[in-house]
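Quick heads-up: structures coming right below.
Each of the next two complexes has chain A plus one more chain, namely chain B in the first and chain C in the second.
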Partner chain A sequence: MRLAVVGAGAVGSAVAELAGEYGHTVTALADSGGAAVDPDGIDVDGALTRKEAEGTVGTAPTADALAGPYDVLVEATPTTLGDAEPGFGHVRAALERDCHVVLANKGPVAERYGEVRALERESAGEVYLEATVGGAMPVLSTIADFGAEHIEAARGVLNGTANFVLSRMAAEGLGYEHVLAEAQDLGVAEADPSFDVEGTDAALKCVILANVLYDREYTLSDAAVEGIRDLPGSALELAAEDGRTIRLIGEVKNGAIRVGPRLIPEHGALAVTGTRNIVELETEHAGLLDISGRGAGGPETATAVLADVGRLAE
Partner chain B sequence: MSDSTELRSYTVRLELVDRPGELLRALSPIADHGGNLLSIFHERGNVTPRGQIPVEVDMEATPDQFDTVVDALRGEGINVIQAGAEQYTEELTVVLTGHLVNTDLSNTLERIQSATGANVDDLSLSAPEGDEGISSARVRLATNAGGADSALETIREVADEKDLRVIEPLTAGEGA
Partner chain C sequence: MRLAVVGAGAVGSAVAELAGEYGHTVTALADSGGAAVDPDGIDVDGALTRKEAEGTVGTAPTADALAGPYDVLVEATPTTLGDAEPGFGHVRAALERDCHVVLANKGPVAERYGEVRALERESAGEVYLEATVGGAMPVLSTIADFGAEHIEAARGVLNGTANFVLSRMAAEGLGYEHVLAEAQDLGVAEADPSFDVEGTDAALKCVILANVLYDREYTLSDAAVEGIRDLPGSALELAAEDGRTIRLIGEVKNGAIRVGPRLIPEHGALAVTGTRNIVELETEHAGLLDISGRGAGGPETATAVLADVGRLAE
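Let's turn to the complex of A and B:
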């Protein structure tokens, strides 16, 4: 398949780097400052080296990447809320010319799911979004295989940063601010950690899960969201005394979306540690199914993107 | 415990003679006197040393109804092994954080108990910053069957009013 990769952050770069190994050709790679475009396949290493040195992957206008020849648009620009632009516009442009779309960007399917599916119905192209929920973990494809109508609920740990903070606080008896600073030093948390610790990122993934499970449009405003900011260490201590711990849990159940710190059994499946993620599906005929793994990171998320590209190639 | 018209959950252990119709004869007095049968555990394979079959019956009734039911069972000649011990059937543990001491923790707990009929079984408080600071409390409540949801609802209301944070349990597979 010929891939146009829009967005050259950790995920977009990793997709471009790994595409060759999976038998695909990158015909365009774009970031917000420019693009490298070549119908025969761009020089990925050269473009990424250029980005490191000069800040952009190429000198062509970003729009050329969308206009050039490709079979699949990989949308990996940063997630934006509200109108989900520019990601949504890229999705529209690809579908209008009957190309496929593989999303790593959560915005279009968390905020404008109905419109994305409507555009898809009018197009010969298809939209896949495995990478938007749980990084490398095959959550959406498992739901598709089981059939969404056979999944009664989904819950789990969907943000590695918040999980790192809570599991470190519990294990070391350290305070919230201390562990957050440590996470920032390690590159696990961003300088502005709001998106992660306030539960927004986990909520977006739950909104996408709800859209897929119930096949109707939910947006972030439909989710009840509570974060873990300033959670006192004493809460974790008291939980531990009782054989429990606290994790930021996202839950999609009975048509409702909820994210917040919850008490769970200390040694239960959901009590993953560090940046690890887990999703537990409550199935109609097969009990609980747990899917655990790396929920973020460049090569990890690129693996899910390339799995989607592989599905389109079949 | 104060209100004799309030429904409560009870467990009664009976021993029945191994004879057709005996179970029905034992259950009739419960229904006849307004008790609501919740579950029956009939251990047919498990015979007591006296050659009888143990049966455990869960029911809901007001305290007055319950006394009448037990009297009626005994009046029928049914062997009632254990009765009257009120059994809470659901447990709920939450962690509260915030200015718990300043906002009168005992008042918080009293309100939760009186509004829901739940009983605070266990309380652990951790206030490392002293009375003026942020503290946490782990509260374990015992409620009647089906009472955990309404207890949780009350806890949320009280916490909201006092600007406390509630960390609720995740009940995996609930209602499944």
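Let's turn to the complex of A and C:
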């Protein structure tokens, strides 16, 4: 397949780098400053080297990436809230050209799911979004395999930064501010960690899960969200005395979306440590199914993007 | 899709019962004593009631099930070793008619994988086999998503009976014979538990994993297999003193297939309890991915069969 990759951060770059290995051709790669476009396949290494040196992957206008020939638009620009632009506009442009869309950007399907599906119905192109929930973990494809109507609930640890902080606090008996600073030093938490520690990122993934499970248009405002910023270390100590621990758990059940710190068994499936994520599906006919793995990261998320591209290629 | 279900044990019966819910029609259901066949869809409840009362699902010859109209043959007869008959013959009959095949029976793809794939190449029908490895867990579809060449190893707990015995021995400090008798009382172990406790069942699943990962024709004789029959309770006690436990682990790595009792971290991902199964995939680009769930059972395995049927329907 010919891929136009819009967004050249960790995920977009990894998709461009791995595409050849999966048998695909990158005909465009764009960031906010410019684009490299070649109908016969761009020089990916050259474009990424250029980005490192000059801050942008190419000299063509970014819009040219959307105008050139491609089969699949890979939308990997940063997630934005509200109108989900510019990602949403990119999705629309591709579908209006009857091209497929594979999303790594959560915005369009967390904030404007109904519109995305409406555009898809009018298009010969299809929209896939495995990479928007849980990085390398095959969550949405597993739901599709079971059939969404046979999944009774989905819950889990959907943010690696918050999980790193909580599991370190629990294991070392350290306070929130201390562990957060450590996470920032390690590059696990951003300078402004709000998006992760306040639960927004986990909530966006839960909103997408709810949209897929119920085929409705939930948005972030439909989620009840509580972060981990105010969680005292003493709460973790109390939990440990009872054989339990605390994790930031997102849950979609009975049409409701909730994210917040929850008490869970210390050695249970949900108590993943470090930046690891887990999703547990409550199925109608097959009990609990747990999937855990790396929920973020460039190559990790790129594998989910490329799995979607593979599905489209079949 | 029109399904001919051959084999009316726990899995075949559950497939027949759930097929309608997934939008499919059962045009034939057969067991070793007879068959119910109707091109417009058989009365599934009637056939299963009849099986309970009279020992067989219908009065038509079993062969009629393979001769009637269907899109997908669901092969759910018991796994047999060596020539993998009668399952293999059913697979051949369906492919020679250019029909699809969905396997729950491990025999044909553990013992005659190369022949099955050769028949598939000559046919307009395709062969899917998710249900042969790990019941409800989406193992083979996840490998297909990543691309088999991007999976460096697969390992895990692939037999619920052996895992029940080992996890009970570890948790209660009981001996093998005692726990096995308990498992037999509960229906978790069969009267002759050899197939499970000697590692054969787990090995067959590993052989199938190896066939899929390396696209070669491994058979059971290529696996190094050791069971749990001779494991003394003292070994579990020693492991526990060191924060570890013992599970029957199957592993496919570097072209080799090994099954045997292994020391693993007591609270690690592989230490699932009871009859639960887990498969861990070592991926090239995305680290470790763990999938755990119910590895056996009628409805559980039927969900994997129906996921395959859904893929064929697309």
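Throughout what follows, the second predicted complex is superposed on the first by the 314 of 314 C-alpha atoms of A that agree within 3 Å, B and C clash if a C-alpha of one lies under 4 Å from a C-alpha of the other, contacts with A are read in each partner's own complex, and residues count from 1 in each chain.
The criterion applied here is as follows: a contact is a pair of C-beta atoms (placed from the backbone, for glycine too) under 8 Å apart; a residue touches a chain by one contact, two chains touch by 3 or more.
Keep in mind it's a predicted model, so treat the numbers as computed, not measured.
Undergrad: Determine, for the superposed arrangement built on chain A, whether chain B and chain C clash or fit.
TA: These partners fit in the superposed model.
Undergrad: Considering only touches as defined above, state whether A:I246 meets chain B (first), chain C (second), both or neither.
TA: It touches chain B, and chain C stays clear.
Undergrad: Students often get this wrong, so check: with C-alpha centres, what angle lies at chain A between chain B and chain C, to the nearest 10 degrees?
TA: Rounded to the nearest ten degrees, it is 70.
Undergrad: So in the superposed three-chain picture, is A:S234 touching just chain B, just chain C, both, or none of them (first/second/both/neither)?
TA: The first partner, chain B, only.
Undergrad: Given the touch rule stated above, what does A:R294 touch, chain B (first), chain C (second), both, or neither?
TA: second
Undergrad: In the superposed arrangement, does A:A307 touch chain B (first), chain C (second), both or neither?
TA: Once the two structures are laid over each other on A, A:A307 reaches chain C alone.
Undergrad: Check whether chain B or chain C contacts more residues of chain A in the superposed model.
TA: The partner that reaches more residues of chain A in the superposed model: C.
Undergrad: Please indicate which partner A:R168 is in contact with in the superposed arrangement: first for chain B, second for chain C, both, or neither.
TA: It touches nothing on chain B or chain C.
Undergrad: Touch test for A:S141: chain B only (first), chain C only (second), both, or neither?
TA: In the superposition, A:S141 contacts chain C only.
Undergrad: Once the structures are superposed on A, label A:L18 by its partner contacts, choosing first (chain B), second (chain C), both or neither.
TA: Touch partner of A:L18: chain C, not chain B.
Undergrad: Give, as a whole number of angstrom, the minimum Cα separation of chain B and chain C in the superposed three-chain arrangement.
TA: Least C-alpha distance after superposition: 14 Å.
Undergrad: Check chain A for residues that touch chain B in one structure and chain C in the other, and list them.
TA: After superposing on chain A, chain A residues 288 contact both chain B and chain C.
Undergrad: Chain A touches which residues of chain C in the complex?
TA: 14, 18, 22, 135-138, 141-142, 145-147, 150, 267, 269, 283, 285-294, 297, 299-300, 302-303, 307, 310-311
Undergrad: Considering only the defined contacts, which chain A positions touch chain B in the complex?
TA: Contact set of chain A toward chain B: 152, 155, 231-235, 237-239, 241-242, 244, 246, 249, 251, 260-264, 268, 270, 280, 282, 288.
Undergrad: Can you check the complex and tell me which residues of chain B touch chain A?
TA: 93-95, 97, 124, 126-128, 134-138, 140, 165, 167-170, 172-173, 176
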